[in-house]
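Structure, as structure tokens:
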């Protein structure tokens, strides 16, 4: 076990190396690149499973291993350690990330088969997988942040993978910058935490920043109003999570990110990367709850409200979208909101349970959507699809499983159990009932938009220009991952039911006991009945509204347009959030840039020019003074001297008489001088 | 004006006249004339000082004058020979045309 | 200051000025001879009889005649086209005037510290004794000088005969 | 003391070869380039060998050479090396060899170019090792002369005006600094940095200096602040700090590519070097009075330059402002050290900030030089145009180049795993501990940096290919080697910053021990 932890670094490093190598490979080395990436990730997966087994064996113990990275100051505080942790949370996340990732890698083999930049794609995917694996197993906040940023980079590269499309380029930039807003606040929280507590290791045998001693110190310090330092730092970290996990108000990048290839959407923007924010919150949960016993910490309240609002908001927007991937994107945002809600109200286990189940069925849904898009010659508008169940049975069935899981269809599907857990926790939340009702509304909306999508895409008859002849089922390399994911979407639910809350127990380090009676407790089903009703209501409304339209085989107006009071445009336009940014932040920045540039060009450069002019004037002045006064005087003196010299030289004309005259004159003068001087 | 002063002033005037001749005349012989005048002025001085100054019985002043006369005769002979030689060479006896001394 | 001295001085100076001033060289030499004679007279007045006669013999008799011959040889009697005086004659005159002023001033300011008190005239015999006695060495040197000058004058006047374009004169070439 | 004169050798080698190349190199440009590169290599080897020869990990001055020069004026020939100097020597060699590698396009008088670069190197070597003010100032100015000619002789059509601007600006700053130092000298009679630092630490420096001016009715505080401003002006122009930066954008834009590389890569570091080596130890006391103002200026530099970069269309001007922005963090960290009284600051934060400054200097030098090289390459490939709108979709045509430049861009942006991150992280860690508000306010700078760098990448590499009539050829082996080596160093330092920190950290601790903050 201990020796095993030392070798865990292989898990993220293998895909990283694969990324580095395939980055250097020529573009034609398609097989090499794909083989390397998939092989390394498979190896990572195996290692992850072994780690998972190891931690399971040891009953959820926490194992650490670290090394000194660099020294920047005196003492222990001045040493930056990097470390990784093997505990239930990281182990289960490792398995999930590498497992889902592996399936998506395999799927990409088929999906991207015809792309010119195939090798680059696998390079980026491997980079992403490595970074994400590093993120989840990191035991240091700095290491986590580094992987966090690398994940962002991989996301940037993959969204902009089809770089010739201006929309893709813009979306990539938008994603990077929007998430960077959150990242920078996160960075500040990191710096604050590190600077204040002197450590950035989560667990360090009692001196880590998530352990009692440090937490107590943090709680003691009050910063603003009544907030303790731990809460403020928690809030800053949460800002990072908001950016990465697409919570309000930084969610705008996630739908645009669908410009990337569909496997990317599945891997990054559904299953794994966007869950990094949730994971971060789960990782630092001890920090968030640190404080007096029995008091709900303010950060958790913020998280709950943000999560709940995001869940409903995104679900509502998803209702009116026409693009199959965009619907799923908003659905992802909404589900991430649920996760946050679950974390805030129910603790790590609740949130992470939904994270894991969601990873399976959202990956499934995206891959299914990709299969559809692939088959229907890149058609993404659900109004132009239809009737696909006849030609794509495997996709249809698996997509249906995913859809039912997402809506939380009772009993059989994983989404039901994880969502129930969240709703339970919300219901029991002492602070406010608001998040519960938000969650419930979200459930209804989720059921509705998924039914709408399902019916329009697979039900009825084909519409638009998608002709039946060209539609074909995807190759096995794509369908097999779908089937695997579909079965996972069912199975994962059963490890976290109230009767046998194994996963929750695992995550919290307790032994789970099978107790059927708990399954039939009144409190369970009392609440479940309400949520089931919401699900059925949503599905029913969806069926009623769209079944007939789907059957008709002609593109029709969306019945949603009959909604009252301009609600439909609001939904379609995503409540104008993008537009709001477009008209506030973007012009503000442009204005600032403009003025900074103007300042530089006119004020500072102008001052410089003014100084130059003054200097020139002074120079000209002094030049004139020089020439007219100083130089002229000197010149004249020189001229006179030369002239007189010339005249004098005439005396030296070689005539003895002249010399003699000199001698005479000189004698006369000398004698007179001598005489005169002698007489004094 | 004592006698000595009178002879000295006469000597000075003679000397100045000779000098003027030396300095102003173009002809070499005329220059020579000036030189002779200056020599005579000097001689006159010797004699005047012998007679009125610190003469004494040793007759140094007179002897000096005798020597000077002898040297002047030699000088005149050599000078005139030179003048003749210059005249032969340059076909002129005008000193202002003889400028070999000019650097 | 008696009349005799004034007359002598007048003759002497007038002769000198004429010798310097006159355009015709022959006339100038004659004027020079007059001036020499004036000087000889001054010697006689001063009590140096021997010197006075020597002056007459050597200067008026020998030197003046020699100069006349030289004038005739160099055709100096003719008045040249550019005048007898140098272009800037006034400079020379000015310098001469300056020298005269200085010397005259010196002479006049000398005063007579010793009047002609215990003066005893000197005979020619005494002069000759002192010449061959005390000054005999100088006399010998003078003899050599005269011989050398004579030979030199002869050589100068004679060597040019066959060599008109010679450059023996002076060291002007350097 | 009497060991081998490594540092003199190091300075003389490029100086003599540079002069020789200028004198006899005409028409032998192939050889002069080889000589220049050889000297670079030899200097680099010497610098690396010095780590074995002397004990840089001790933190104190090593390889000291000290001889009396003009004893009556306190002028000494005083050379010494420590971690700070070593890092900058290394940077000088790296950037100079990169500049020589990028100088393929210097068409006219290439021997002159090589010679000037060598002389500049010598000046920089001297600046980074001299420990006596006069000795140091000599090299400080010496490096300016080749730089002036490098800007003036090669570059855009406005280069004459611009080189003059550059020269006069820097000279004005230098003169102010000289005056400041003379005032200091008048009071102390001391020109050696270590001795002056010791005086300052004992708190005797400013009373001594103020003694001279007592008759004029000036207090110690006024005198100290006056000298501080004068000396700061010299450094601030070089870095540059706003509002003394007006010469920079046009100079960087007009200078030819290798010269821009040298200017931004090394010469801008001279200012920060001076701040750390001279300004901090000597002005530790007055800095405490004015640091919020100075930190405000640094913040202004950071934010305004990032915003101005966003408004630029010329690639070189973007990079120029980016350079100002990045060095603004260094300024911020240096000034924030003034905030640390015995109560608020902890030594770790100070150490972090200073280590961050030194790392940031090296990292920015490397990254910015690489980026300027890349932009020069783009300009050449695009027929001399470098407006942002004239590019597009280059990733399809020149993928290798785009990969290399992309790495450099992200390094400049501070992406973890590449070198830029460590410096910025340490600076923020330090500044946050010393002056939290400054860290908060500097944060938007990081964001805007990302915005303009990504905009540049988006416009140049992404989108549909814009055809300007040129056929794009990917980088040749020479550029591939040069850029590739630079990128490898970036990754290496990003993953293993201890490489540099092992030398800088002892120096920082030594410096901090001498500060009475």
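Going in written order, the chains are labelled A, B, C and D, and every chain counts its residues from 1.
The criterion applied here is as follows: a residue touches a chain if its C-beta (ideal position, glycine included) is under 8 Å from a C-beta of that chain, and two chains touch if they have at least 3 such contacts.
Remember, it's a predicted structure, so these values are computed and weren't measured experimentally.
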{"item": "Distance from chain B to chain A - Cα centre to Cα centre, in angstrom", "value": "122"}
{"item": "Whole-Å gap between the CA centroids of chain A and chain C", "value": "126"}
{"item": "Length of the line joining the C-alpha centres of chain C and chain D, rounded to whole Å", "value": "95"}
{"item": "Intercentroid distance (Cα basis), chain D paired with chain A, Å", "value": "33"}
{"item": "Per-residue overlap in chain C, given as positions that touch at least 2 other chains", "value": "86, 91-92, 95-96, 99, 106"}
{"item": "Contacts with two or more other chains, residues of chain A listed in rising order", "value": "655, 657, 661, 664"}
{"item": "Multi-partner residues of chain D (at least 2 other chains)", "value": "none"}
{"item": "Touch-based graph of the chains, sorted into line, ring, star, complete or other", "value": "other"}
{"item": "Which pairs of chains touch, using the document's own definition", "value": "A-B, A-C, A-D, B-C"}
{"item": "Chain C partner contacts - residues on chain A that touch it in the complex", "value": "655, 657, 661, 664-665, 667-669, 671-672, 675"}
{"item": "In the complex, chain A residues that touch chain B", "value": "652-657, 659-661, 664"}
{"item": "Touching residues on chain A, where the partner in the complex is chain D", "value": "23, 27, 69-75, 77-78, 142, 145-147, 149-150, 153, 160, 163-166, 168-170, 172-173, 176-177, 180-181, 184-185, 187-188, 191-192, 194-195, 198, 589-590, 592-597, 599-600, 604-605, 607-608, 612, 615"}
{"item": "Touching residues (chain side chain B, partner chain C) in the complex", "value": "1-30, 32-34, 36-37, 40, 43-44, 47-48, 50-55, 57-59, 62-63, 65-67, 69-78, 80-89, 93-94, 96, 100-101"}
{"item": "Partner chain A, residues of chain B touching it in the complex", "value": "19, 22-24, 31, 95-96, 99-103"}
